[in-house]
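Here come two complexes built around chain A, the first alongside chain B, the second alongside chain C.
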Partner chain A sequence: MAYSDKVLDHYNNPRNVGALDKSAKDVGTGVVGAPECGDVMKLQIQVDDSGRIVDAKFKTYGCGSAIASSSLATEWLKGATIDEAMQIKNTQIVEELALPPVKIHCSVLAEDAIKAAIDDYRTKQGAEAPAES
Partner chain B sequence: MSNPDPFATLGLAPTLDLDLQALEASYLAHSREAHPDRWSDAVRNADDPAILAEALALAASVNDAYRVLKDRWLRAGVLIDRLDADARDATRTLSPLFLAEAMELAESVAEADDDGAPQLRDAIADRVERTFVAVADALREGDARAAATALHQSQYFRKALADLDARCLASGGDR
Partner chain C sequence: MTIKTPIYMDNSATTQCDPRVVDKMVRYFAEDFGNAASRNHAFGWQAESAVDQAREEVALLLGAHPKEIVFTSGSTEANNLAIKGVAEMYASKGRHLISCVTEHKAVIDPLKHLEQQGYEVTWLEVDGMGRIDLEALRGAIRPDTILVSLMAANNETGTAHPIAEIGALCKERGVLFHTDATQVVGRMPIDVQSQGIDLLSLSAHKFYGPKGVGALYVRRKSPRVRLAPLMDGGGHERGMRSGTLNVPGIAGMGEAARLAREEFDQNVAKVQALRDRLEQGILAGLPDAVVNGDTEHRLPHLSNISFPYVEGESMIMGIKDVAVSSGSACTSASLEPSYVLKSLGLGDELAHSSIRFSVGRFNTEEEVDFVVDLVVREVTRLREMSPLWEMVQEGIDLSKVKWTHH
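So, the complex of A and B:
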């Protein structure tokens, strides 16, 4: 199966690979997995006082599409507010990377990882449970 | 695409401890019967395309049943579905604790050097086997959710093992 140029670009030059201090209060960590393939993805965000994501890192063990999806996600997350980050949909990732149907679950994984990281951040901040969203 | 019941297709009793020789024998018998070369003239020359399609689907389902049943993990999946068709979907999301462990395992595979690889391989292979035992135990107790969870977990261990083997192969290991 042929990967799109954008997938290959992210795969060969993944952005924001690495880790943030997961015990820090301003860092949210999400680890998600896809049981159909055994891929695991860790995505972390660092959020400032105004609710803006100042840094994002990821580590993904999986196929090229899973790596590209999470790499792209960190690019989009940096500079976004938490609310904007909550709006990121896997379909946008599919579109941007031109993922074929069999790789859509990779983009779902990235969306799940974003949500998990935000959940973790919110839990750490305490009480501020999302009333609506 | 998915077979309703591969055990029934091949006339076998549904069990995880499948006798592989019996599977082989049953597959050969059924595929001989369903093979297009054995179709009666009535089927082969049928004017109705639906008759042909049905005969073809039967032959394909025999092949598919064999493919599924000879793999112990796929076989376990079928048995879980028989117990509770929703179990696998309902248990897809594994605990954060387990995922963190899976992440660590993937990291250790990625960082393993030639010296450490054999030991790591043994450790992961052991996890794979123990997870299979967990699937089998849960199935025996009729606990579809527990079996499905263990089956999902096995996917991460099996991937780690495959990744490690692929790396050793690439670096000229003996496996």
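So, the complex of A and C:
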């Protein structure tokens, strides 16, 4: 199967591979997928006091399209507000990477990973608030 | 020395036609183009003589008599002819057959077809190395068993079954024994007499011959095996396979058989040395890579390796300078890992992470070293990107993680 140039570019030069401190209060971590399905994505965001994402990192076990989808997601997340991040749709990823129909699930997984990371961040913030009061 | 890429290391899928084989074939297209069944003129005699010569070479390779060779379009047809041909011819004796879950689809599907027609098939299981239990085979044979069909060696893992022991057991119990030897010809010794084989399938393109031609060995004496043909027509090949003979292909197969026999020792020594160099190099660079199958009784040219924590398709993408096969294909939302690897007890995750390397006699040490470096580098890079690898480094047991299935 032929991959688009953008998928190949992200696969060969993935952006923002790595890990943030998952125990930090200002870091949200989302892990989605399962090894037996052939895809696992871990996406992390670091958020400042104003609700802006200042850093994003990923690690992905999966095919080239899954790696490219998560790499692209981190690019879009950096500098975005949480509200903007919530607006990212898998169809935008499909369009940007020119994913074929059989690879659409990779983009869905990336969207799920973004939401899971934001959920985790929000849960941590919520848990933190009562502790301070 | 410069390496030309992509490097071909998928010789279990097909092999490069030997230039000597091509030379042998060419004249039968436009020069000696006769029909081997034409008995009235020199064109036909030329073609027939080419076929006779090839038949002799294929017989010599297997330790058979030339009259026991039926030319077909390849192993798929030979397997279908053996299985369906025996089932139909011996139906009055019984309607039970025995095979194994790791067989090639070209054996499994004809047997499934028979199951739909009221035949019964016992599917033997395999252990973690892909080996059958001879006692389980012995126990499965019944008075109404007409055929045991077990491959000589597996196309994915390379695991070789104990053919001589299976042949002896079948002989003792009076059951016909068919073996799909597609992967084995030219790579491991075959002798239909000492190994007690009654029917054997082979395909020319797996031993440096042309595609579209193969053969079925059909025992003529003690016992004489009879087959119902798949196709009716002019009664070619002693009535077992009607259809005008593919003379250029058959001539090529004969030459490939001659080379496989005469150069057997040097070919096996070469591919085994290359395979061992490849496997040892990869394992030295990636100590937790796992070799699948039976490393003691195995095809000499093949190595099936799982690379934990790295997904197969992304790996194939990373090592695109080498042509290999993957244990899974991520072509849909529901991935289908190899049924052969799964029957060895490999989890889906390891099956997804497996690559089959199969070297050939046209590969070189330089190519092997290039591939070792490439594989070690790419797996290391992809692992750095893998959340599973990270979890394992943190001491997390992946089997205890609650995954979100999608």
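In this section, the second predicted complex is superposed on the first by the 123 of 133 C-alpha atoms of A that agree within 3 Å, B and C clash if a C-alpha of one lies under 4 Å from a C-alpha of the other, contacts with A are read in each partner's own complex, and residues count from 1 in each chain.
What we mean here is this: contacts are C-beta pairs under 8 Å (C-beta built on N, C-alpha and C of every residue); 3 or more make two chains touch, one makes a residue touch a chain.
Note that this is a predicted model, so its numbers are computed, not measured.
After alignment on the shared chain A, the placement of chain B and chain C results in a clash.
Contacts of A:Lys42 after superposition: both chain B and chain C are touched.
In the superposition on chain A, A:Leu109 contacts chain C only, with no contact to chain B.
Touched residues of chain A were counted for both chain B and chain C, and C has more of them.
Within the superposed three-chain model, A:Ala19 lies in touch with chain C and out of touch with chain B [touch as defined at top].
When both complexes are aligned on chain A by C-alpha atoms, chain A residues 31-33, 35-40, 42, 59, 61 touch chain B in the first and chain C in the second. Interface residues of chain C facing chain A in the complex, by the touch rule stated above, are 309-314, 317-318, 328, 330-335, 347-349, 352, 384-390, 398, 403-406.
Contact residues of chain A toward chain C in the complex are 1, 3, 11, 14, 17, 19, 31-42, 59-64, 66-67, 102, 105, 108-109, 112.
Chain A meets chain B in the complex at residues 31-33, 35-40, 42, 59, 61. The residues of chain B lying in touch with chain A in their complex are 92, 94, 96, 99-100, 102-103, 106-107, 109-110, 152, 155-160, 163.
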